Structure formats: structure tokens, C-alpha cells
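Note that the chains are named A, B, C and D in the order they appear, and that numbering of residues resets to 1 at the start of each chain.
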Amino acid sequence: MKATNEVITMQKMWHKHLLRVHYKATDQMGVVHHANYISWFEMGRTEMMRHLGIAYRDMEALGLLLPVLDVKVKYHKPAHYDDCVAVYTTLTEFSPIRLTFNYEIRRVSEGECQHHENEQLTEPDGELLTSGQTVHMWLNNKWKPARLNKVAPEVYDELKKIVAIKK
Amino acid sequence: MKATNEVITMQKMWHKHLLRVHYKATDQMGVVHHANYISWFEMGRTEMMRHLGIAYRDMEALGLLLPVLDVKVKYHKPAHYDDCVAVYTTLTEFSPIRLTFNYEIRRVSEGECQHHENEQLTEPDGELLTSGQTVHMWLNNKWKPARLNKVAPEVYDELKKIVAIKK
Amino acid sequence: MKATNEVITMQKMWHKHLLRVHYKATDQMGVVHHANYISWFEMGRTEMMRHLGIAYRDMEALGLLLPVLDVKVKYHKPAHYDDCVAVYTTLTEFSPIRLTFNYEIRRVSEGECQHHENEQLTEPDGELLTSGQTVHMWLNNKWKPARLNKVAPEVYDELKKIVAIKK
Amino acid sequence: MKATNEVITMQKMWHKHLLRVHYKATDQMGVVHHANYISWFEMGRTEMMRHLGIAYRDMEALGLLLPVLDVKVKYHKPAHYDDCVAVYTTLTEFSPIRLTFNYEIRRVSEGECQHHENEQLTEPDGELLTSGQTVHMWLNNKWKPARLNKVAPEVYDELKKIVAIKK
């Protein structure tokens, strides 16, 4: 994404969202069932967008949907019941049509869940459990593709401003 | 259900719907997590209504919603991964405004899940695991109470015909 | 629980745990699917017990299980996506054999979820969405009934101290 | 899968498992929430292995675990409430250490869910909704890697026999 005169480069900032592993997420292997991470990714990107001032709820109110086209997950180590985990989310690709988010789920210290210090970091910390990616596409409420810069230019500009640095 | 000296009595018929316990439903106690039974009740009543010729999907298409007002569950014995269980459902109260369903979840023989013999029974069989009840209310799609005999008299009459015996 | 000379009376204190409604919890009626509240109750009692210094994880490490015998839920109003809700939990019955918790789920102001001010209250506040109850029984890890005062007297005493006032 | 000049080629057979989309799987976009497909893949491979005579439950009883290392999902079209869908599963890679399954979720005709004709097919039919892949690794019950041909040679041989054709 490096380039010569005018190019948009993503700030590689990770949004950190903390959560506590609850009982229902476990399975009889004694670990978190692998399907739950997909929902945790969703929580991560929701909280990141809220933090950026673009609540997903508000976009739905504008008639915009952002369904998932593609999910990839790699499972490194299992999470356990009652662990405090951080969902790290970063926006890695951005166009008027699509968004790509990357994620890391990491086990962090007990104290972090008690203080809920959500924040932006350049480097995720904690023990890596799962990493993944989701690709999304903007649709209107008739499920037709929508160009964000046409249908909600103010949201598009805001997103661009936040996620990009012109060089 | 109002009447002079004639009384409508419910046929106590149980609809039997078979399902296989899947891995995601288990928790680290090695049993089915208690929240899953609520969804199994939902599958039971959906399949019962479909069997009665009144698919819930069609009622939503008519602008009718049937949200849950009240749930009660009693847990007798745990279900385990890969068990074949039968969800027994019966309609126990019925008016133009409300419906009450009762449920029994029972472990049945392995063979039943391979043949999927859904049927109507006067007496549920198998090992009782969970019993419960849900109460529902008819709403229109603006979430206002709806009298079924006014908004969908044909559905109301059909339900009445099927579930009742005049004595 | 009233009596003459020496009697244990429950402190009616509600533990407040905040959570954000995530997308996966919604259904096509546009509200939170009713089964999710069961998991929210579980989060509520887990966080209450942690706050009381008796993490459920530690009790499992002692070989104790606390499965659910009975669940009741009343649905007053629906929760919606992205709502900030408080799960209020209180312990209403307590013996060496059983525990009963009561719950209220209430919609609270947006700001509360941003500050995560979990706390103990004598009176729950917010808009009442759901109320309910769960009954639990102590079992050992062979799934046989266990008397808490015999198998873990220190936990029993701690629980008793915290939840009771001698009169 | 090592051999001299003889080569083991996978039979590309798809196992077809039918399921009905239930209400809880939907979200407020009016479609099946994307996380549910991960569980459907799990049901698909469980039923395929049962059909092959190697129930996953029995492998856990032998002290073998088969956790997921990697999941990929592509979402083509949404599934809706009450749809009848087929989960097609095929084993695409096989060694003493790892298994890879591929999946297709397809919408099929209403009648198929009423007759539950699970079967083996060379070509999946129906309207393609989702495709995906999971990679798994054999572990012993201490979560250490296990070579299937060492720890359960009879299972390994059976799997090999079933999935392979010598040329």
C-alpha cells in the first residue's frame, strides 16, 4: 500500500475490546467452541466502528447493510471458561464497496477485564489464541450492492479520514 | 373458547420431532448447556404447527408475530453429545389472543434418529430429560396485540378445528 | 425467612452487570431472540459470584458443579441490537443443597455501557425488559448431590456470611 | 498417504445432510447469521463420519480429539428462516495427522426436508449458499498431537479404505 505521490495508507491501529469467556461458549472438550470466535470478531468490529464514531446501528438506520462475504479463522490455542480475552480488530482494506477487517483474539491478564480499558494499540499484546479475517460488502436494504461514497458520502469521508493518512 | 354449555377440550396429542445433539450444544460439564432446550422447544412447536398445516413462516407473511411471553423449564436429566432426542410438543391453551405449548424432551433409541419418524402420539416415550412450557401472544407487525379470529379467521378456525374436540 | 430469635435473612442486594446487545443475539423479528436471556442470566450470576469472591471457575476446580434445575423467564419488552442492558442478579434462596437466583434485565442509558460501572444496588433501575429465576443444585463431579457445608465448608461459610444478616 | 509408485486418490463423494433453518439462526437482517454455518459444517462432518461407520463420539471415547485448526467460509447467498438446506461434506485431505473437509450449503426443495433422504452424491445439487473448508488435527486427551495410525490403527485403516481408491 506504499506509493509515490498520493496514496491512501491504512493506519495499522488495533482496537482492543475486552470480554469474559462465559460458560455457554465452552464445549465438552473443555474449551471455547470454535464457532464462538466468529461472534467475537463481530463484537470486535462493532466496538471498533463505534469507537470511530460510526455505529453500525446508525448505518442500518440509513438503510445500509454490511453482510459478511468471507471469513477465515486460524486457531492457535484454545480459550477457556472465565478467561479474560481481548479482541483486537484492525481495518486492512477499504474501498467504497468493500471492507476487510483482521482480528486477533488474545488471552490477557485477569485485571484487564475488571478495568475494561478498551483502547487503540499499534501492537496487540497477550497470548495469541486465534487470528482471522472478515470481508464485507455494502448493500442497500434491498440487498443490492451500494457504493458508500454515493449513498452515504459523509460516512465514507469520515471512514476515510479516520482510517487513512495521505502521504 | 367462550361458550354456553358446550366446552372445547384440547386433544392431548404430542407432536414428536427428532433431533441429534450436536457438539456445539455441549458445555464443559460434558452435557447439553441448559439454554439450548429453549431453542429445541422452538423447533418442536414450529414442526408441530407445520404438521398441522399452519407454517409459522406463513403467519409472518400475513403480518402476524407470535413472540414468547413466558418460558418455564425443568431439568430432570442431562442430554449428552450425539444423543438422539425427541422434542414432544402439545398445545395446552388456545384463545384468539394467546397460545400455550407444553414440551417434553426425551432421550430415545439411536434408531429413531436414523429413520426420522416424526409422528403424533397420545403418550410421549423415551427417558425424560427436560419438561417445559411457553406462552405466546399474537401481535401484528407493529407489535400491537392482535386477535387471531379477527386478523386471520381462517387460521384461527383451522387451529380450533385441529386442536379441539367438542364434547 | 422471618423467625423468632436467630434467623438468616437474605440481603436483597442486586448485582448489576452491563452488556451490549450484539448482532448475533437478534432474530428476524428485529429483537433479541428469547433464548439469549438464559445466557445473560448465567453471565449475571457468574459476575455476582465473582464479585462476592467465589468465582464459579474455582468451585469447578474443587470438583463442584452447580447445574440448573429450573428456569423461569417473563418477557416484558424486547431488547434491541446495540442496546446497553443491565443484568441484575440477586440470591433469593440459599441452603447447603440449593441456590435460587432472581434476575431482571433492564435497558439502561448508553453511557453506562461505556463506563462499565458494575455495582451492588438495593433497587434496580432502567426499563424492565425481562425478569426470571433459576434454581441450582450442588453436585460433585460424579453428578451426585453434594452438601456444600460438608464438601466445601469454607465456601459455604463465605456465601452465608456474604448473603445473610443475623438478626 | 505416502506410497511407492501407487497413489491414493480421494473419492470425491459428497455426503448430504438435510436440515431446516430454525428461527434462532436468523438475525435482524432477516437472514441466517453468518456464524451458524460453522455449526452446520460441524453437523455435516459428524453425519458424514457416522455414515462412514466412524462416529466422532466413539473416537472421543478412545481418547482422541479432532479440534479445528482452520476455518474458511465464503458466503454466496443468504439462507432464510424455514428453508430446507443441504449440508454437503467431503473429505479432501487425509493423513495420519490431519483431516481437511470441504463443504457446500445449498437450498433444496421443501420436499427433501420432509423425507430426510441423506445420501452420498458425486455432484451436490440445489442453490449454492455457502462454501467452506475446515482443517483438523488429531490430538490425544492431553491435547498433544497424535498419529491416528499409531493410536487407533483400526480407525485409520477404516478411514483410508473408505475414502480412497487405489489406482
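As a convention for this text, a contact is a pair of C-beta atoms (placed from the backbone, for glycine too) under 8 Å apart; a residue touches a chain by one contact, two chains touch by 3 or more.
Please read all numbers here as calculations on a predicted model, not as lab measurements.
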Most widely separated chain from chain A, with each centre as the mean of CA atoms: B
Comparison of A-B and B-C by number of C-beta pairs in contact, larger one: B-C
Intercentroid distance (Cα basis), chain B paired with chain A, Å: 38
Centre distance in Å when chain A and chain C are each reduced to the mean of their C-alpha atoms: 30
Cα-centroid distance, chain B relative to chain C, in whole angstrom: 28
Numbers and ranges of chain C residues touching at least 2 other chains: 23-24, 28-29, 31, 35, 39, 42, 60, 81
Chain B - residues contacting chain C, complex: 28-29, 31, 34-36, 38-39, 42, 60, 65, 67-75, 78, 143
Residues of chain C touching chain A in the complex: 20, 22-24, 39, 42-43, 46-47, 55-57, 60, 81-82, 116
Footprint of chain B on chain A - complex, ascending: 23-24, 26-31, 33, 35, 81
